[in-house]
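See the structures that follow.
The following pair of complexes shares a single chain, chain A, combined with chain B in the former and chain C in the latter.
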Partner chain A sequence: MITAGIDIGSITAKALALSGNEILGSRVAFTGYNPEQAAADIFGALLAEIGIERASIGAVVSTGYGRNAVRFADRAITEIICHAAGAYFQDPSVRTVIDIGGQDSKIISIADGGRVRDFAMNDKCAAGTGRFLEVMSRAMEVPLDSFGEMSRRSKSPAPISNTCTVFAESEVISLISKGVQRQDILAGLHESIASRIASMAARIGVAAPVMMTGGVAKNGGLVDALERCLSVEISVTPNAQVNGALGAAVLAAGGLEKK
Partner chain B sequence: MEAMEFLRGVAADPHAYARKWKSSGGGRVVGYFCTYTPDELIRAAGCLPFRIFGSGGNMTRADAHLQSYSCSLVRGGLEEALSGRLDFLDATVFPHTCDSIQRLSDIWRLSACVPLHFDVVLPVKLNTASAGRYMVDVFKKFRSDLEGATGTGIDAEKISEEIRNSNRMKRILAGIYEARSADPLSISGGDVYSLIKSSMVMDRGEFIGLAEEVLAGLGPGASAGAGSLKRIVLAGGICSHPDVYSILERSGAHVVWDELCTGTRYFEGEISEKGDPVESLAARYMDRIVCPAKHSDIYARGKNIVRIARERKADGVIFILLKFCDPHAFDYPYMKESLDAGGIPSILLEIEEKLPPEGQLLTRLETFVSTL
Partner chain C sequence: MADEKKTVDPEKEKRKIKSVRRMKEIMTAYYIDAKNAGKSGRKVAWITSGGPVEPLIAMDVIPVYPENHGAMIGASKMGAVLCAKAEETGYSRDLCSYARSDIGASLTNGGPIGGLPAPDFLVCCNNICGTVLKWYEVQARKYNVPLFFFDTPFIHTDFTEDARKYVRTQVDEYIGFLEQACGRKMDYGRMEEVGRLSVKAQRLWRDVLETCAHSPAPMTAFDAFFHLALIVTLRGTRVVVDYYTELLAELRDRIARGISMVPDEKYRLIWDNLPVWYKTKWLSDKFAEHHACLVADTYCSAWSGVLDLIDENNFLESMATAYPSIYINVSIDRMFVILKNMLVKYRADGLVMHSNRSCKPYSLGQYDLQKMVMKELGIPVLIIEADMVDERSFSESQIETRIDAFMEVLKQGR
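Take a look at the complex of A and B:
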C-alpha cells in the first residue's frame, strides 16, 4: 500500500509518500496563512511529482501544528509521535530524537518499537527555534543555509547571554557594532541554542543513539554545538526536515510493527 | 439541568454573584486566597467567603508591586484588587502559606483599599501536638478578630451549624467525584470545575441546594464508550482552566479524580461535629492532606498521589503547576518519582493563569494520552 504523510508545521509544510520501505518522494513548501490550503497544495504537488493518482494512496496521516486542518487526512497524529516513528523507521536503534522546527523544539525519548517513552517541549518561548534563526539571519545578513558552514570557521564563539529572541537580536546587533566577526556571533548563537536544548533534554535524559530532525537539523553548526554540549554523537539524515511527514506515512501504513 | 447552568454562570463570573449577594442584603464579603482559610468561621459571622482566583485579563497594575517571578495567581489577584474589580470586598483573609501570599498580604494591606484585613498565622508543621494546640489558638484569635471587626458575636452554635453545612457540602462534592469516577462521561470536567469554583464563592446553603440537584441528576450506570477513555488524575494547586478539561476530552481522556486545592484537598476530610467546634475545625485543618506550603510526613503527598492513582485506576497523572510556584515545583520531583516507582505515567504542564496557545497544549496532551 502507498501511504502519505502531511506535516503542516508553523513555517513549512511537508508531504511524503511511502510504499513499503521505499520513500517515493517528498516536498517542502511554506505553510503561509492558510494551513488547509497549504496541505491541499503540497499534497497535489507531491502526487504530480511522483506521478501517482490520489486514488492510489491508501491512507493519509496528517501531523504538525496544522494537523487538524488537513480535512482529507484519514487521521491526525501529533508530531511528537510522528517524529519518533520517522526516526525509528530510518534507524530502529535511535533512542532520542531532537526535533527543532519553526517554533517548537522537542526532545523525544523512544522506547522499543518506536513508541514515545517521554518527551519535553518548549512552552511559551520560541527562542532557539527556526524562527529565532530566521530573525538572526536577517540581523546579520547571512542566509540561513550558510549558518552552519560559516559558524564552523569560528575560533572563539562570542558569548550570547540572552535567550529571548528579541533581546538576543539586540545583543547580536551590539556585537556587530563592536566589530565582532560574523562567524563568531553565529557560533555563539549556536552555543546558546545548544545550552537551551540541553537543559530541556536534562529533564528527560538523553540516551544514545541520538538523531536530530526538523528543518533546523540542516544547520550543521548547530548540530556540532549540540554534540559538544550534550557530549553525544548526533546523526542527521537527508530526510531530517521531512521526518515528521515520514513518520506520519509510516503510521498511515499501519504502524511500526508491520514495517 | 437548571442548577448546573446556574453554577456555570457563577463560575464564569463570580464577581457578579458576590455583588448580587451583597446588594440583596447579604452582608459583608470576605476575600480569601487559600483553602487553609477557615471559611466556616467567616460564614458563622454572617459573611460570604469569596475565593479570589486571580485575573483572567492582562496585567497592567500588579507588576508595579510584584516581581515577574511571582506566580500569576498572586499577580492576578493583586491586579483584580488594584483595578477596582474587587471593590465589593469588605475584608480579605491571608492564611500563612507560601512566601508570595505572605508578601502579597503586606502589599494588599497598603494598596488594595479593602477596609478590613486579617492575617491568620497558621503553623507550618502540621504533625505535632504543639502545632495542634497552636492551631486552635490561631483559630480562636481569628474568631475574636472577626467578632471585633464586624461587631457580630460568633457563638459556638453558629460555628457548629456551619460545620454541619460544610460536611454536607463535602459529602455532596465527594458524591459527585465518586459518580464521575464510576462513569467518567456522567459529568464533564468543565462542570466539575464549575461546581468546585462556585462552592468557594457562594452562599453555602444555596450551593448545597443546587449541588444536590446536580448529584441527583447524575444517576447510576456507566455510559457507553466510557471504557475506552483514558483515566486521568490531575495534581497540583489551583486549576482554574476549564479549557484543560475540554482539550483532554478531545484527546480521548477524562479526569476521574484530582489532587488539587480546587478539588479534593478542599473537600476531603469531614469536620467532627462533636466537642468544641473551634477545636474540631482546627483538627480538620491539621489532618487534611497538606499543601506543599505545609509540612506533615515528608512523603505524605507522594503517598497520597500514588494512593489516588491506584484507587481510581488512573492510566496517568497530569501535574498542572503554576509557573513560579516554588512550593509545588519543589515537591514535584519526588512526587513524580513516587509515581514512577509505582509504574504510573505522568506529565508536567507548567502554566500560567492564561493557558499557552491551544495547539501547543493539545499536542502535549494528545501525545501523553496516546502513550498511555
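Take a look at the complex of A and C:
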C-alpha cells in the first residue's frame, strides 16, 4: 500500500509518500496563512511529482500544528508520535530524537519497538527554535543555509546570555555594533540554543543513539554545538526535515500500531 | 455553535450533576449576604483560602475570599482585563493573578459580582504562599482596616513541638484579635460546634472526592473544582454539611446506576495544581475526547487532606497542627507521598501537572515530582504551562498538541 504523510508545521509544510520501505518522494513548501490550502497544494504537487493518482494512496496521516486542518487526512497524529515513528523507520536503534522545528523544540525518548517512552517540549517561548534562528538570520544578514558553515569557522563563540528571542536579538545587535565577528556571534547563538535544549533533554534523559530531525537539523553548526553540550554523537539523515511526514506515512501504513 | 446550545442532548442531560443548581443557590445567597453585610450589621472579613475560617464563623463574621473571587473572575474570563488594571498601577505581570485580579477588581469595582464587599478586617494565613502577606498588607492599607497574620511555618521534615506551640499561641492571639474587632467575646461552646461541623464537612468532602475511586468515575476533577467553593468558604456552617450530604448521595446514586461523567471512560488521570479557571470546559472536553477522566487532583483534596490531624472535640488545639500541614506548605518529599497515594488509590494511568505561572509554591518542584512519579510508579506525566486566571498565559494550540501527544503515548502503552 502507498501511504502519505502531511506535516503542516508553523513555518513549512511537508509531504511524503511511502510504499513499503521505499520513500517515493517528498516535498517542502511554506505553510503561509492557510494551512488547509497549504496541505492541499503540497499534496497535489507531491502526487504530480511522483506521478501517482490520489486514488492510489491508501491512507493519509496528517501531523504538525495544522494537522486538524488537513481535511483529506484519514487521521491526525501529533508530531511527537510521528517524529518517533519516522526516526525509528530510518534507524530502529535510535533511542532519542531531538526535533527542532519552526516554533517547537522537543526531545523524544523512544522505547523498544518505536513507541514513545516520554517527551519534553519547549515552554511558551520561541527561543531555541527555527523561528529564533530566522530572526537572527535577518539581524545578521546571513542566510540560514550559511549558519552552519560560517559558525564552524568561529574560534571564540560570543556569549549570548538572553534566552528570549526578542532580547537575544537586541543582544546580537549590540554585539554587531561592538564589532564582534559574525561567525563568533553565530557560534554563540548555537551554543545558547544547545544549552537550552540540553536542559530540556536532562528532564527526560538522553539515551544514545541520538538522531536530530526537523528543519533546523540542516544547520551543522547547531548539531555540533548540541553534540558538545550533550556529550553524545548525533546523527542527521537527509530526510531530517521531512521526518515528521515520513513518520506520518509510516503510521498511515499501520506501522508500530497495536491493534 | 449557537444551534448546538439550543438542542437538548438527553445523553448529556443524564450526565449532568443535579446538585449543581442547589450549589449555585447557596453561593448566590452567600454573596448577597456578604454584599449586604452593611445593612445587616454583620462584619465582613477577607481571608486567604487556606486560612482558619472556623473562628470567624463562630463569631458570626461573614468570611469573604479574594481567591474564590479570583476563581470566579477567571471562570468569567475577566482575568486579563482586571490583571491589566493592576498592572497599570505598577504591579508586575509576574505577580499572582489572584492578587492582580483582586487588586484590579477592588480598584474598579469590576468583575462578575461588581467587586467584593469592603472588609472590616483581614485574616491572612501564609500556609498557601508568601504573596498573600504583601497582598493583604496592600488591601489593609487601601481599606484602612486591621490585619491579622496567622503564620504557619513551612514543614521541611517534621512539624516540631516548638513550631506547634508557636502556632498554638497564635490561635489565642487570633481569637483576641477577633474579639477586639467584633467588640464581643468568643462563645467557646459555639466554637466547638463550628469545629465539629467543619470536621464533618471535611469528611463529607473527602467522601465526595473519593467516589471517583470508582471506575467509571461519577464526576471529574472539573466538577470537583466547581463543588469545592463551599468547603473553602463556609466550612463550619450547617449548610455545607447539608449540601455535601446531598451531593454525596447523588454521586453514590450515579455509581449505583452506572452513570459516569466521561462517556466510555478508558484512561484515569490525576490533575496537579490549581484549575485553569477560564479553560475548564475546553480542557474537560479535550480530555473527554480521548476518553480520559480526571479522577482526582491535589488541589481539591487539600481541603480534606489534614483530616487525620484534626480532633473534632478539641478543634482549636488541633488546628495548630492541621493548618500548617496542608499540601503546599510541606516539602516535596511529603508532597510526593500524598501524590503517590493518590495515584495508587485512584488507579491512575497518568498525571497532568499544570505548571501555573501564578502559583510559584505549587509549581516549584513539579519537575522533581514528575521524575519521582515516573521512577517509582512508572506513570507518565504531562506538564502544561498556563495560569489559573490570566488567559494571556494560555496557548491553546501548544497545549492541545501536548495533551494529544500525551494521550497518544498512553494509548501506545496499552
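Here, the second predicted complex is superposed on the first by the 256 of 259 C-alpha atoms of A that agree within 3 Å, B and C clash if a C-alpha of one lies under 4 Å from a C-alpha of the other, contacts with A are read in each partner's own complex, and residues count from 1 in each chain.
Here, a residue touches a chain if its C-beta (ideal position, glycine included) is under 8 Å from a C-beta of that chain, and two chains touch if they have at least 3 such contacts.
Worth saying up front: this structure is predicted, and the values here are computed from it rather than measured.
When the two complexes are overlaid on chain A, chain B and chain C occupy overlapping space and clash. In the superposition on chain A, A:Y65 makes contact with both chain B and chain C. Judged by the touch definition given at the top, the superposed model places A:V242 against neither chain B nor chain C.
Once the two complexes are overlaid on the shared chain, A:I81 sits against chain B and chain C alike. In the three-chain superposition model, chain A touches both chain B and chain C at residues 65, 77-81, 104, 115-116, 119, 121, 123-124.
Taken together, the chain A residues at the contact with chain C in this complex read 65, 77-81, 104, 115-116, 118-119, 121, 123-124, 203, 256, 258.
Put simply, chain A touches chain B in their complex at residues 65, 77-81, 104, 115-117, 119, 121, 123-124.
Only residues 350-351, 356, 359-360, 363-364, 366-367, 370-371 of chain B touch chain A when the two sit together in their complex. Residue ranges of chain C in contact with chain A, taken from their complex: 367, 370-371, 374, 380, 385, 393, 395, 397-398, 401-402, 404-405, 408-409, 412-414.
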